[in-house]
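What follows is subunit A paired twice: with subunit B in the first complex and subunit C in the second.
And then the complex of A and B:
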């Protein structure tokens, strides 16, 4: 078992290095992508900033607090896109019959699809998020205890896992529809867009949906309450790790979808 | 040894007429048609055999190869490759086979060929000495020396095909599936590929299953031919058997001719006479 994990890890990094070498072949597109993402994200921050310069606070959250929330979600999303972009673009792999080749290799399908792409251009986004997070720390009076620092890490881990699960879920649907289901994009890009504010500002119904249908509040709202000192319940900081269960569910869907696979053409 | 017994496979295909209106209609109610790709296909192939698998487009050749290589699961029938059920123990099975799809590439598009090979070494966990040996042999026989440093996307089709074949043999598979390996190649590359496959079969006793539309491939390489049409095996025998079958269907005049050109005509005639187009 240990031997197998070691060899899979080694192979994954080998895949990454090939994906990086491929990406570097297209320098212009690489830099344009980084710049484009930067502007898009900057746009997002400005939106939040203008909102707060007008209203002062939103449902009791200050600008600094929203910045903390926003930057963590952005970082989750950027990391997920970085690592899981093989699933994000899985529709084209299936449609062109490239998945045949994946099945012809004696390795786990998940590992191969993950290794097929690595969006290094998302690195820019991650740095930006770190910068914003630092600014959020400066302007909001959070008392950084050990528990709260760990909560940030658990939010990052859980959030990235959750977004990767969304990508995986959409990839699983691809086996049935041959196209990525746009509906799932509401979860991925919708969550990214609206995730800049804590979920409770969207009302009770949204809270329920984001807790029981998709475990979104578990990686955002609840741990944030603990982080911002609105509750003393330290275990809120552990909630994000529940995203692993959601990942398992999505993995199950993937396995189920794979059995439905009909390869394409000759 | 490869055995297929009474294998059936069908696909569900969405159908609609041309035009925007029809396309919109199909969004809500899709008419599907079941297409029988394989119906009751049986054959046995011994170790070290080289078999030509022919038939018109859409006859079920690729479906057969996909089932044998574990990509597709048949609806009924049984299939054993060296004692393994291909789609059940996928990873164990694919370790022992090599597959070349002439229409698709298995190399990484933007990196030099050698980088793809190194990655394949890790994917198949090929021991270093075995990899070295195979690399040396393949580089020499397929004249890859100059190509290894070039990115795949800059190779000509003939160059790429030689690299593709090498890529699927790095892990010394016992069985090699070649799905239209000579498609679109010039005369020199075709000859090089044929010569190599011949040698592989003779020296390493690799079982080769070859699908092609090029009858010269068949003539040069295979003693045994399996003819398939509309998902059924119509003939399983030698080139002579096929000529005889053609003669029975009224093509006696051409049957005595030996060259590939007329073989093409014989096969075309057979497809028409057997009504499998």
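And then the complex of A and C:
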């Protein structure tokens, strides 16, 4: 068992180094992409900034608090896209018959699909999230206790896991539809875009949906309440880690889908 | 006259090609519907937090959101024609240059067609559903028949301005072989300035005054505000004038630049 994990880890890092080296072949293009990504989401922030300069607050959240929330979600998403983009573009792997080759190799399919692509240019987005987070810390009066710092890490871990689960879910659907289902995008890109505001501003129904259908409040709303000092219940900070159960559900879907896989031919 | 027929067939071929992707359009429309609902909820939450600061009628914002979703593929600068970029990068452009047609006009016709097809497919189901949603999410009727007619006219003018601007991104690709990063920057800036992120009335007054003078204001902002009557009277006619002005200016500039680019083009082997 230990041997297997070690060799899988080695293979994964080999995939990563291949991706890095190939990105470095086109340095100018790569850096322009990174800078582009870095600046791309500034207009998202600018939009939020203009809204707050007009309205002052939304449901009691200030600009700084929303920035903290926004930057953590952004970071989750960027990390998930960086690591899990093999799943995000799985439709083309299936359509081109590339998955047949994956199945032939004596390695885990998950590992191979994950290793097929790394979006290294997402670093731009990560830098941008860090920048935004730092600014959020400066302008919001959060008292940074040990528990709160840990909450940030747990939000990052849980959030990234949740977004990767969404990508995995989308890939699992591909076994049946052969085509990427755009509707699932609402879970990924929709959550990234609309997750910049705490879920409760969207109203009670949305809160219920985002708790019982997809565990979105677990990684965003609840830990945020503890982070911003709106509640003393420290265990809200542990909620994000429960998002792992969703990964297991999506993994089950993937296994189920794989058993029904029929090659696309070509 | 024959000349226009040529460009019209480029338009027709592209338009029909765009109409092939019907299932994708339905799935896309459903996604946009949910997206629009979330967007409406955000504006309503802000409105509840500080009603006195809200710059337009809530129903007008809701209409704005739905129309934006419906005509998104017509105006977003992001989905510029990938085939055209590919032809520049992989040298396929050499064939196009051999044809006895103007590259600028051909690309203009193709881009307009794929945008019109994309928006035409998406807007029908989306607007149909938006008209029967429960209040406060329902798309309201246009402010008046005049406003509706002007909305349609400015919609096409706006499409013209958008395409004329896209031509610049194609021409840019002549000068740099990998235009991705720069394109990303340009498009994100324009998304903001055209009112795709937040409607222009939500911007601070000073910023808004400047942004309204730029060509991008004619893309989402002008037609969508005219529909709900938020833009009316003299200000409306001024905006339409600006749209016309920018359309003419951008086309002239684009043609000049395109000629210059054609002269210095180097096709690399293959």
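Everything that follows uses one rule, which is that the second predicted complex is superposed on the first by the 256 of 266 C-alpha atoms of A that agree within 3 Å, B and C clash if a C-alpha of one lies under 4 Å from a C-alpha of the other, contacts with A are read in each partner's own complex, and residues count from 1 in each chain.
Following the convention adopted for this analysis, contacts are C-beta pairs under 8 Å (C-beta built on N, C-alpha and C of every residue); 3 or more make two chains touch, one makes a residue touch a chain.
Quick caveat: nothing in here was measured; it's all calculated off a predicted structure.
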Which superposed partner A:201 touches (first subunit B, second subunit C, both, neither): second
First, second, both or neither for A:55, with subunit B first and subunit C second: second
Partner chain in contact with A:119 - subunit B first, subunit C second, else both or neither: neither
Touching partner for A:33 - first (subunit B), second (subunit C), both, neither: second
Which of subunit B and subunit C A:18 touches, first, second, both or neither: first
Touching partner for A:190 - first (subunit B), second (subunit C), both, neither: second
Partner contacting more residues of subunit A (subunit B vs subunit C): C
A:101 touches, of subunit B and subunit C: first, second, both or neither? first
Intersection of subunit A interface sets (partners subunit B, subunit C): 26
Subunit A-touching residues of subunit C, taken from the complex the two chains share: 23-24, 27-28, 30-31, 34-35, 38-39, 41-42, 45-46, 48-50, 53-55, 178, 180-185, 188-189, 191-192, 197-198, 202-204, 207
Subunit A - residues contacting subunit C, complex: 26, 28-29, 31-37, 39-44, 46-47, 50-51, 53-60, 179, 181-183, 185-186, 190, 193-194, 197, 201-203, 206
Subunit B-touching residues of subunit A, taken from the complex the two chains share: 7, 10-11, 14-15, 18, 21-22, 25-26, 97-98, 100-101, 103-108, 259, 261-263, 265-266
Interfacial residue positions of subunit B with respect to subunit A in the complex: 11-12, 57, 61-62, 66, 69-73, 90-92, 94-95, 97, 99, 101, 103-104, 106, 108-111, 115-116, 118-119, 122-125, 151, 179-180
